[in-house]
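The structure follows.
Just so it is clear, A, B, C and D label the chains in written order, and each chain counts residues from 1 on its own.
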Amino acid sequence: MNIQNKINIGIIGGSGYTGKELLKILSSHPFVDRIDIYAQSSAGDSILNIFPELTGSMDDIQIKSINNLDYSADLYFTALPHGETLNYIPHLIAEGKKVIDIGGDYRLSSSALYKKWYGFEHTSYELLKTKVYGLADVLKDSDYNSDLIANPGCYPTATLIPLIPIVESFSEEIISISTVAYSGVSGAGKSIKPGLMLSEMYGNVKAYNLNKHRHEPEINQVLQNTGLGNKPYSFSTHLLPITTGIYSTTTIHLENALSQNEVDEVIKQKYSLAPFVRIRKTPPEIKWMLGTNFCDIHASIGPKRIILASAIDNLIKGAAGQAVQNMNRLYGLDQTTGLLPSKQTLQLFLEETGK
Amino acid sequence: MNIQNKINIGIIGGSGYTGKELLKILSSHPFVDRIDIYAQSSAGDSILNIFPELTGSMDDIQIKSINNLDYSADLYFTALPHGETLNYIPHLIAEGKKVIDIGGDYRLSSSALYKKWYGFEHTSYELLKTKVYGLADVLKDSDYNSDLIANPGCYPTATLIPLIPIVESFSEEIISISTVAYSGVSGAGKSIKPGLMLSEMYGNVKAYNLNKHRHEPEINQVLQNTGLGNKPYSFSTHLLPITTGIYSTTTIHLENALSQNEVDEVIKQKYSLAPFVRIRKTPPEIKWMLGTNFCDIHASIGPKRIILASAIDNLIKGAAGQAVQNMNRLYGLDQTTGLLPSKQTLQLFLEETGK
Amino acid sequence: MNIQNKINIGIIGGSGYTGKELLKILSSHPFVDRIDIYAQSSAGDSILNIFPELTGSMDDIQIKSINNLDYSADLYFTALPHGETLNYIPHLIAEGKKVIDIGGDYRLSSSALYKKWYGFEHTSYELLKTKVYGLADVLKDSDYNSDLIANPGCYPTATLIPLIPIVESFSEEIISISTVAYSGVSGAGKSIKPGLMLSEMYGNVKAYNLNKHRHEPEINQVLQNTGLGNKPYSFSTHLLPITTGIYSTTTIHLENALSQNEVDEVIKQKYSLAPFVRIRKTPPEIKWMLGTNFCDIHASIGPKRIILASAIDNLIKGAAGQAVQNMNRLYGLDQTTGLLPSKQTLQLFLEETGK
Amino acid sequence: MNIQNKINIGIIGGSGYTGKELLKILSSHPFVDRIDIYAQSSAGDSILNIFPELTGSMDDIQIKSINNLDYSADLYFTALPHGETLNYIPHLIAEGKKVIDIGGDYRLSSSALYKKWYGFEHTSYELLKTKVYGLADVLKDSDYNSDLIANPGCYPTATLIPLIPIVESFSEEIISISTVAYSGVSGAGKSIKPGLMLSEMYGNVKAYNLNKHRHEPEINQVLQNTGLGNKPYSFSTHLLPITTGIYSTTTIHLENALSQNEVDEVIKQKYSLAPFVRIRKTPPEIKWMLGTNFCDIHASIGPKRIILASAIDNLIKGAAGQAVQNMNRLYGLDQTTGLLPSKQTLQLFLEETGK
């Protein structure tokens, strides 16, 4: 990419937790030029008023009304409540813009699934088919063949990265797969809910949405494309009494034993070129991931079973970070640009200055 | 029980977190008389010096040296590091004492399993066979036919209570079972460990002992006795960044669908007379359990699967509370005596005073 | 008190955090008979639906509408938003009932202060004068000479207990006093507020209401009555990222040095008969107080200064517990009745049954 | 500074929490070249083994033995236990090296104070006098006239930044000053301590080192130099149940009232050119500071008093960040270089590449 042609960005719905992380990353991304932010209720407000902690770290931005959306940017990130992006994305695509949707409105491939799991009638069938499901660490360059990228959910990202190579290589051996995942409360967004007050959640843990979490069909869809066939899969979610982080544990019962070496090998091969997947010899700690775009994975072998443990920062790897990773890949940039801010930007700096 | 014959208690190894809870319960138990505490390194110290927060709530007790163990109490609770109780329990039993072992030294039934999972040679075969595995909420009165009770582990208690009725009634339908459990750090005991410093664990989560946790053979043993047969079972453990509480989630893949009603019915029947098992229509919250001897359980039905969620206070229901519940049952007392302190003691008070 | 004449209780506004603690204490109090709960929005609901964690520990109670308040109870606890108790308390007192107000509506003695600090016109002058300010640990039996007790605020309770004996004995020496206090978020009540979501407050700390907290005139009023005169006093408040507990640190600059012994002596004398004040040789830990009615205090002597550190459970000692302590004293019961549930109730049980 | 002459760095004692933050900052600092790390017990180990979370974000570094310290670097950061730097710093200075000591060994100016507060005999009198006390946000360029900088303590940094302008302008009016500060547990370092286990500190708060914290003479010394005279000052410290952050609250009683405007004005003037001091209209939140080199300050005016609230990240502004800020100033770099990584480095990148 020619650095002369920097990218103008529009963020639609940028006043939540994901919006904040997106802003932090994009405002220091060396190939990003202008950033416009559009929102509904916070239009007119300034971004440093909403996020006072960013004062001094980035320039202030006045939030524009989503009703005055022009088409002057090159790439739009959308982060809106379910169903609302349908009012914007088809138009943006029609205008020749690139779009990365951080919400769930384009992740599934069938409108029937939207009816069932999200409860709304999906009206943008064509884009459902042509969009790219942007699980950035498993995509090839040639996969980025659409102007619309559906950024994966946080749980699916954490769960699928370790699971895909296992299903690809050993689907014949699989008896059943069960994922049990835990998330920090920031995954529930910034809107207030009685059950998420500190006085309610401190020191607390609870399962929620058992057998009805929308990320299950999303994971299922990928596993079907990966060759799981009719082997049973199950996915359960829990809330942790912390702000940020997802821990996903997947138990795979097998017909026959697999060796540690066999399993490690397929994971290693899958991610030999993935700078954000760190393969660990011990279970990762959720804290290692905080503020980063990494996904750490570990496979533990038991008698005729594999237990996969993985962790991510739900707001970065599970949302804003992976979205920027997808932007980088869409524009042919090194995928780590702006995501290993220090090192990467420094590297670029040094290269450019010939040091 | 005649209230004239109150119980004299000996606690061997009482300066840890379990010991503290045990003391709190026993010091207000209406049928407990004297309490002796024996320990190694803290011998000579006083209990209110070790637990200053108990000042004013109970009388101080001077800790005796474990080397001067006499046999003057009626019932002994043992809470020692693995392997150490073997030096005491056989003698206590030989002296005609009752023993409730809160540690793991008598939970498994085969010495081979001790060799494999605990790494020591078990020398007390006879008692391994004759002891009662004290999962108090599933035992019948007639089961209390031994002077030695092996108090179940914290994870097995949380996991088995909801799982046993399912395996009893539907083992034929089961394809596989996978438990993923999370525990507060008090489960790791009071001894200091670098990874459990607040500066390391705050906001953190990590899996540990994958495929090698000692509670797995303990659960397996019960599931075998319950009729699971050769269906695969798996158990994984994680640390939560909180002090107290266990959350256990068990995924059961089934050959055929079961209805919510069928499943609820077997659970309800199993625990119709169990005052400490609370069956919930929604997943329990770990916080509901803190400081109590309750185990809350919930069954969620999905397509050809059941997801069981349960929670306990690991130090009470998972240790000291269940131990006292076992004491109550062993002595023919109402099993809630001293464990619903307020209500129960008050009831007794009112009954006795004829109010 | 004759045990035949047990107390019928009405709780007005009982669905918040204080209400829950009050219920837990009263439902196991040996001299409490019937408990009626009155509320506005939750009328008709049942208490175990609001607090599912109490299931099995107490009998369910249906919440009555505050509009149907009859006068059938002996003693009423009021826990309502500021200003609202004025609609009930004068009537209750007129009907010959006893009232313990856990809110702030009767704590100050002057209606001008209500205008200034609470922003409403106080219409119940007479009761402002005749009520007892119920700082239970410093009151004498003869002080309980009113049917209305204004239960002190949480911060004033924690701050005044160590401070009063110092001001009483050394007011001449005092140059200035500064209190800096920190509270868990439960002090802000159960109503939802954006800034108190776990995602906002986890790992967070912030000062709030600097120079305008309503507990400052409450403390000032007591210090004036204690003889502080025109020495400057200041009070500042902060939120802790925990659920429960208050820590109060008071710095007293002195004209001349005082010895550790002099200071310890006046504190010791003051509280020689106070079962809930624990004098510590080291600074207390907030955790020691949780779930108890204790206030732990410590005085540290520096060059021409005293630093007082004290801690309480804001919902118990700072609200429900002290309210029951006041009830006990008002009825001539041992003040610890029902507040050291185990020990105290057991003692009573044993005494009554002659064991 | 000429970018050709990049700085070679030696870190002596780099395996603790401060060392980690220092590494993170320096490894992405555009004017830093080589980084050598010296340690005692972890010599031979690799830095990514000690901090696995840094994998992929920086190159690995093998830790050298402190016994093999050569003098090949330009600037040394020392972060060692009290008293130990005396073995290294005089030699480094003698060899013409620059040194920034992050520990406390050179902060005080008199050897008598070391005897009294640190308990050791200081043997490096000359450097005590010639060193610069590096409170970076209040120093002028001309103050950086020594090769040895004593990096201020975390509490003094948070406390002094808001307090200095007040004392400078209003010392005549001051009756007394009292600071009450709270810190996350990372301030206690990485070495294990029973009282800092998560199981002990979760949900806990406690005062510690009352009237004997070593940061008090450090603050006092600065206040004396600022003109406080014989007005009484007091400093108290507490532990928060969080990992990172310091909150400092200072109460200043005054002879006469000061207006909000007067106070704001002196603060504003003092820090008009300080990029890391953010003046707030409301009390800051500790969370705003995490991971940054900012110090947020707020002044609240009451009747004849000022309450100052300030917050920092104790590991960054209170240690590693301020140390790098001092390095930048010592080398004539823009003081934010590498400390607003994104923006600053990007800016440099753009300037250098002429974009």
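Here, contacts are C-beta pairs under 8 Å (C-beta built on N, C-alpha and C of every residue); 3 or more make two chains touch, one makes a residue touch a chain.
Because the structure is a prediction, the values reported are computed rather than measured.
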Next item on the list: Please state, in steps, how far chain C lies from chain A along the shortest route of touching chains.
Entry: 1
Notebook entry, point to check: What chain lies farthest away from chain D once each centre is taken as the mean of the Cα atoms?
Noted result: B
Note to self: Between 0 and 180 degrees and rounded to the nearest 5, what angle rotates chain A's CA atoms onto those of chain D?
What the structure shows: 180
Item checked: Separation of chain B from chain C, taking each centre as the mean of its C-alpha atoms, in whole Å -> 36
Next item on the list: Averaged over CA atoms, how far is the centre of chain B from the centre of chain D? Could you give it in whole Å?
Entry: 48
Check: Roughly how many whole angstrom separate the Cα centroids of chain A and chain B?
Finding: 40
Item checked: Where chain D touches two or more other chains at once, by residue number -> 200, 202-203, 241-243, 285, 287
Checklist line | chain B residues touching chain C - in the complex, by the definition given at the top | finding: 3-4, 24, 27-28, 30, 52-53, 55-58, 202-203, 275-276, 278, 280, 285, 287-289, 291-292, 294, 340-343, 345-346, 348-350, 352-353, 355
Check: Taking the complex as given, what residues does chain A use to touch chain B?
Finding: 175-176, 178, 180, 182, 200, 203-208, 210-211, 232, 234, 236, 238, 240-245, 247, 249, 251, 253, 283-287, 290, 298, 300-302, 304-305, 307, 309, 311
Check: Which chain D residues qualify as touching chain B in the complex?
Finding: 17, 184-186, 188, 190, 192-194, 196-203, 241-243
